[in-house]
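In this document, chain identifiers A, B, C, D and E correspond to the written order of the chains, with residue numbering beginning at 1 in each.
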Amino acid sequence: MAHLDPDGPRHVSAFLRNTAFLLGLPLLLVLWWWWATIDSTNFFVPTPGELVTTFVDTWFGPRFWQDVLPSIGRLAAGLALAIVLGVAFGILIGSFKRLRQLLEPLLEFIRAVPPVVLVPLLMLLIGINDLMKVVVIVSGAIWPILLNTVEGVRATDEVQRDTCATYRIRGLNRLRYLTLPAASPQILAGVRQSLSIGLILMVISEMFGSSSGLGFTIVWFQRNFAIPEMWSGILVLGLIGLGLSVIFRVVERRILRWYHGLREVQRAS
Amino acid sequence: MLQVAGLRKIYPTATGGFEAIRNLTFDVPAGQLACIVGPSGAGKTTLLKCIAGLLPRTEGVLELHGKDITGPPKTMAVVFQEYGRSLFPWMTVERNVELPLKAAGVPKAERRARAAEALEQVDLADAGGKYPWQLSGGMQQRVAIARAVAYRPEVLLMDEPFAAVDAQTRADLEDLVRRIWKELGITILFVTHDIDESVYLGERVIVLSAAPTVVQDDILVDLPADRDQLRTRSLPRFAELRTHVFEEIQRAKAEAKTGAIPAR
Amino acid sequence: MLQVAGLRKIYPTATGGFEAIRNLTFDVPAGQLACIVGPSGAGKTTLLKCIAGLLPRTEGVLELHGKDITGPPKTMAVVFQEYGRSLFPWMTVERNVELPLKAAGVPKAERRARAAEALEQVDLADAGGKYPWQLSGGMQQRVAIARAVAYRPEVLLMDEPFAAVDAQTRADLEDLVRRIWKELGITILFVTHDIDESVYLGERVIVLSAAPTVVQDDILVDLPADRDQLRTRSLPRFAELRTHVFEEIQRAKAEAKTGAIPAR
Amino acid sequence: MVESAPARAVARSEPGRRSPRRPGSGLGPLLGTAGILGFLLLWELVSLAGLVDTRFLPAPHTVLVRLVEYLRDLAFWRDVADTMTAWAIGLTISVVAATVLGFAIGSSRFLEHATRSTIEFLRPIPSVALIPLAVILFGVKIQSALLLIVYASFWQVLIQVIYGTKDVDPVAEATARSYGLNRWQRVRHVVWPTALPYLMTGIRLAATVALVLAITAELIIGTPGLGKQIGLTQSTGDVVGMYALIIATGLIGVGINFLARLVERKALAWHTSIRTDLVT
Amino acid sequence: ATTTDDAGSSASAELTPVTVGVIPIADTAALYLGDSLGYFEDAGLDLTIETAESGAAIAPAVVSGDYQFGFSNNLSLLVANEKGLGLTTVSAAVATTGDPSSDMGGIIVKADSDIQTPADLAGKTVSSNAVGNINQVVTRAAIDADGGDSSTTEFVEVAFPDAIAAVENSQVDAAYVVEPFVTAALAAGDRVVSYAYAEFDPKLDIASYFTTQAYADENPDVVEAFQEAMTKSLEAAQDDPDAVRDILTTYTKTDAATAAKIVLPVFPTEIDRAALEKLGSAAVEYGILTAEPDLDALLH
């Protein structure tokens, strides 16, 4: 928060600055990469130029509709489920100490099982279909949300809790007006982590029982030594991650408006 | 109506427990306005929290309407000493005031009206749309008071509710408390550090000793029921009473100094 | 020494900004103890934060020793109105008091001694090993005071530092402030709501208007330098001064009521 | 600073439910065990009822018997040691690096803005896709596994720390600044304790992710460890052995979390969550 | 040679350390057998065997020089060379039994499935351990040869160990599996529709040992020594199935009972060029390769 300067070309300069922030470091990194690969013949590391051509050739076309879009759909479904379940269970577990004691070791147990070995089991129980892949995404993406929600709920300010108790604000009201908002900064930190984990699991879920999808395609490229294509697939993943984070930030700004206001107005400097 | 008998409260600590309240016994009949004074750290907040059902007691009887207090009773409102933290930063002032009414199922229109009225009474009619963290300390405290007033509880517990407001506002708020007390016929327990305030406001002043706390004195305020900032405060009886309360607190502090504070 | 000229502060808000301070101009010479009073929400806290270099001003001059204040100056200590939140819950009381000294590189032994002394002065010698959240409101506030006192700053800003303590403790602390002020020859800016306190403590009382704030009045307190709770307060000049201050605040509030609060 | 058991004599109840003097300190681990046992029981019932073919999902008692056999086998412990070594090294590297970077980024607006897009881009890149890179860089050595472990767990901690550093109470921050604490001192005395709960969550997340990746890397690349054994059981259809190893993995996860909780209790005794937990 | 790790420590100084990356399955039994018989030491090589779960990790390690030799299925080698990896085979490794009624790999279906011949697989879902690999090519070839239209068959990836469950739970219609899962499936009552390796070409080589052309050019002696030892090993394996079954239990988790039952592959000493050409053409036809492969470059 610099000095308040509500005048004139703030919009334009702010836009330019944001763009610079958005692209500055990536540009530097690309330059460095370009410089490093300028006379390299390493089979496994393509040059930026190669990568861009490959990227266009590979992903602009039917592959986008056949592989990328369905994957994004499953990812979206998985993330939505993970958020709903993670927050719901997180609040339950965070609110009741006994429940926490009962479930925590079990959850830690399940959490430590690598998705790669979990997939066959899910395949067995659910079948080889989209639902299985969504469940794989949920099975990994739920943890940061769940854990953060639990911690956020537990850290709710005592005076605020007491206030609710005395005014007999309970049940759904308490959830809606105290528990959720109070934990929301931490919940959203968890959601942000889950976005990228969901993406990673989308790839893993498509490594099994698949014949299409972004993750499948990347692994297929890798296995068939189509290295520039593989990197271009990773680029797609990165871009999706970037897109998710932009959407996330817009949502976060809305949900946490009070929080950012509180922090930023007061921490003026 | 409110019965406190043999109340004892020990806070668990790493070193085994701290005895904040040793033995408190007093009754508050329905519709009384009782002030509680005592040295800093005497256990006033602790007492209020026990009565509000927020803190389990270690020993003793706590009854409201003859029923044991096991959790926050209905129709009780509390204004906390940590007013800043008792407001929800994610809601505007208006919504903070409305929230308890909403939870109690008061219809929207009435809720709005009551909140607006209460904010008006604490002189914050303009601040309804702001967030608590956009307010000054005194304004925050007044929001907490407005929230309690709008709730129209049967029992109102207030923990140094006027600590952060200026003298004039304070006087206005004092009169507000007496007015709603009379109008609604509610029971009020009012913690304050201001001896004049305790005498001016209360019908009775309970003086607590230093921790571990007992009732040091219980003074009936025999001033006329209609009080006025200028006239009442200049009554000779007012001066007598305040001197008496002052001396009692002095004595409470002096005793605490000599005797070591026992801890379990 | 401290120069405030044409100070203006507009808080940025969703609706464009709220003008908390319109135009403040005053000087505080080195070694003065000046009290600041004003209605709730007048901008006292805002002013203190600007002087402390914690809040950027919108316009105007703010100079300490002739140098523009751009960040928190060294050798300045602040006691915040939100005492509870200004203590760090992860440290014991002792360590809270010691922290600024540690940061300033004071050797351990001296640090210990100064912290112990300061805690003693605020009557909390026993509470050093506790955590802030194990203390009552008044005790927390005294810890914050002890921290400032132990720091031995050149300039001390205090924002309603005695709001949560009982009358007797308050009197003791008032005398403590005057004593360290005299002993250390420091400059003190003291915000209070208690008019008597402002007159008893200060050599000067600056009265602020309601927001958007200007200096309503600047009163020299021509009481003897050696003050005493009983004698000084019963001086006729004391009564005159406090009436004067009271009237000024009344006027400040009255004016705010009539004129609408302008917002940009 | 963990409050001792006798301190529980007075219990602070959830609002609305008062239950004084609850002697519940030993109940926690008991309940946790009950949770796991309940899960195993459910699984046993599922296989008893024939809901799934035991050839593909064996009944837990057969798996547990195999697990006990493993526990008596020195080779198993060597594998566990291999896995845990990779885990510990990888986790340490990522936690240290992420904490340092997280504090740097979180306490500087400029850095935060400048790095955001890059972080968001790099974070979702799946470690498994980095296997070829890891193998070219390091071959089939522990370093390959480490690369994957570090890459995956680093972000978990980093994001938590960045969020934590931004959660500093403005009044606390103002206090520190007004007392002339310099940047480093503020980080040490104010930002660090505030971010600590977040960091703890980050470490707990990262610890498990590191374990998952250690196993996965061993499984796919073939570096020695539990994962490699899981791969071997898989490729020969030894389902019972596979589930026994998976259960071993899960138990290691439980152990790791237990340790993390222990550290947390010590480090965060002052925090609302622990404080109220102790007396709740 | 960059790998120094545990090589060298046990062996005497004259031995050249080499590392071979393999998948721990029956197909690589010859290598283990030869190692235990000391053939590699005899050839002046100090052999280290590293295992990987799949071929995906082996080729990069060979290209980067971490391993000197690797084990890979032949179609992957063709694909890799088309992408310019410059690999070359140094030795045959494993081939089909050539017996279309009992082989080490085949297409399984449920006992009561209505799929009777490969042609019935048209329009169905078939699982394979990896899409676009040799198993898919031979399966499609089997369908087309039987008069079906293999382009209507959907291939999905299911790891071998999970394939039987997938078939029995009707999650896929059929699955391509290799030993020991063929035996396991038969034991469970499943049916083999086609032993597609043998159907494709009775002399089909499934996999080979390979290195990079660059390494072969620089270290002809090492390559020659390896080939020599490999040949002896393959012969030994081919001659003594019991020794193969024994050694199998040492480096895989296969128990002796299963090891005794499974169908062993052929361990040839020469790669059959004609069968490989046929495989290449089929791969081109099914779009896995873009052009007829250059076998001269691949075969050493």
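Simple rule for what comes next: contacts are C-beta pairs under 8 Å (C-beta built on N, C-alpha and C of every residue); 3 or more make two chains touch, one makes a residue touch a chain.
Which chain is which protein? Per UniProt: A, D = ABC transporter permease subunit; B, C = ATP-binding cassette domain-containing protein.
Treat the numbers as computed from the prediction; the structure is a model and nothing was measured.
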{"item": "Contact distance in steps, from subunit A to subunit D", "value": "1"}
{"item": "Among all chain pairs, the one with the most C-beta contacts", "value": "A-D"}
{"item": "Computed distance of Cα centres, subunit E from subunit A, in Å", "value": "39"}
{"item": "Subunit A-subunit B separation of Cα centroids, rounded to whole Å", "value": "47"}
{"item": "Whole-Å gap separating subunit B and subunit D, where each centre is the average of the chain's CA atoms", "value": "46"}
{"item": "Sequence positions of subunit D contacting 2 or more other chains", "value": "15-16, 56, 131-132, 136, 171, 174, 219-220, 234, 242, 271"}
{"item": "In subunit E, residues with contacts to at least two other chains", "value": "54, 56, 60, 63, 159, 161-162, 165"}
{"item": "Two or more partner chains touched - positions in subunit B", "value": "11, 13, 53-54, 71-72, 82, 85, 134"}
{"item": "For the subunit A and subunit D complex, residues of the former touching the latter", "value": "18, 21-26, 29, 42, 44, 97-98, 101-106, 108-117, 121, 124-125, 143-144, 147-148, 151, 154-158, 161-162, 164-165, 170, 185-186, 189, 192-193, 195-196, 199-200, 203-204, 207, 215, 218-219, 222, 227, 230, 233-234, 237-242, 244-245, 262-263, 266-267"}
{"item": "Contact set on subunit A toward subunit E in their complex", "value": "43-44, 120, 123-124, 127-129, 207-211, 216, 220, 222-227"}
{"item": "Subunit A residues touching subunit B - in the complex, by the definition given at the top", "value": "157, 159-160, 162-163, 165-170, 173-174, 177-178, 181-182, 184, 258-259, 261-262, 265-266"}
{"item": "Sites on subunit E touched by subunit A in the complex", "value": "54-56, 59-60, 63, 76, 79-80, 83-85, 127, 130-133, 154-159, 161-162, 165-166, 169, 171-172, 288"}
{"item": "Sites on subunit D touched by subunit A in the complex", "value": "15-16, 27-29, 31-36, 38-39, 52, 56-57, 113-118, 120-129, 131-133, 136, 152, 155-156, 159-160, 163, 166-168, 170-171, 173-174, 197-198, 201, 204-205, 208, 211-213, 215-216, 219-220, 227, 230, 234, 242, 246, 249-254, 256-258, 271-273, 276-277, 280"}
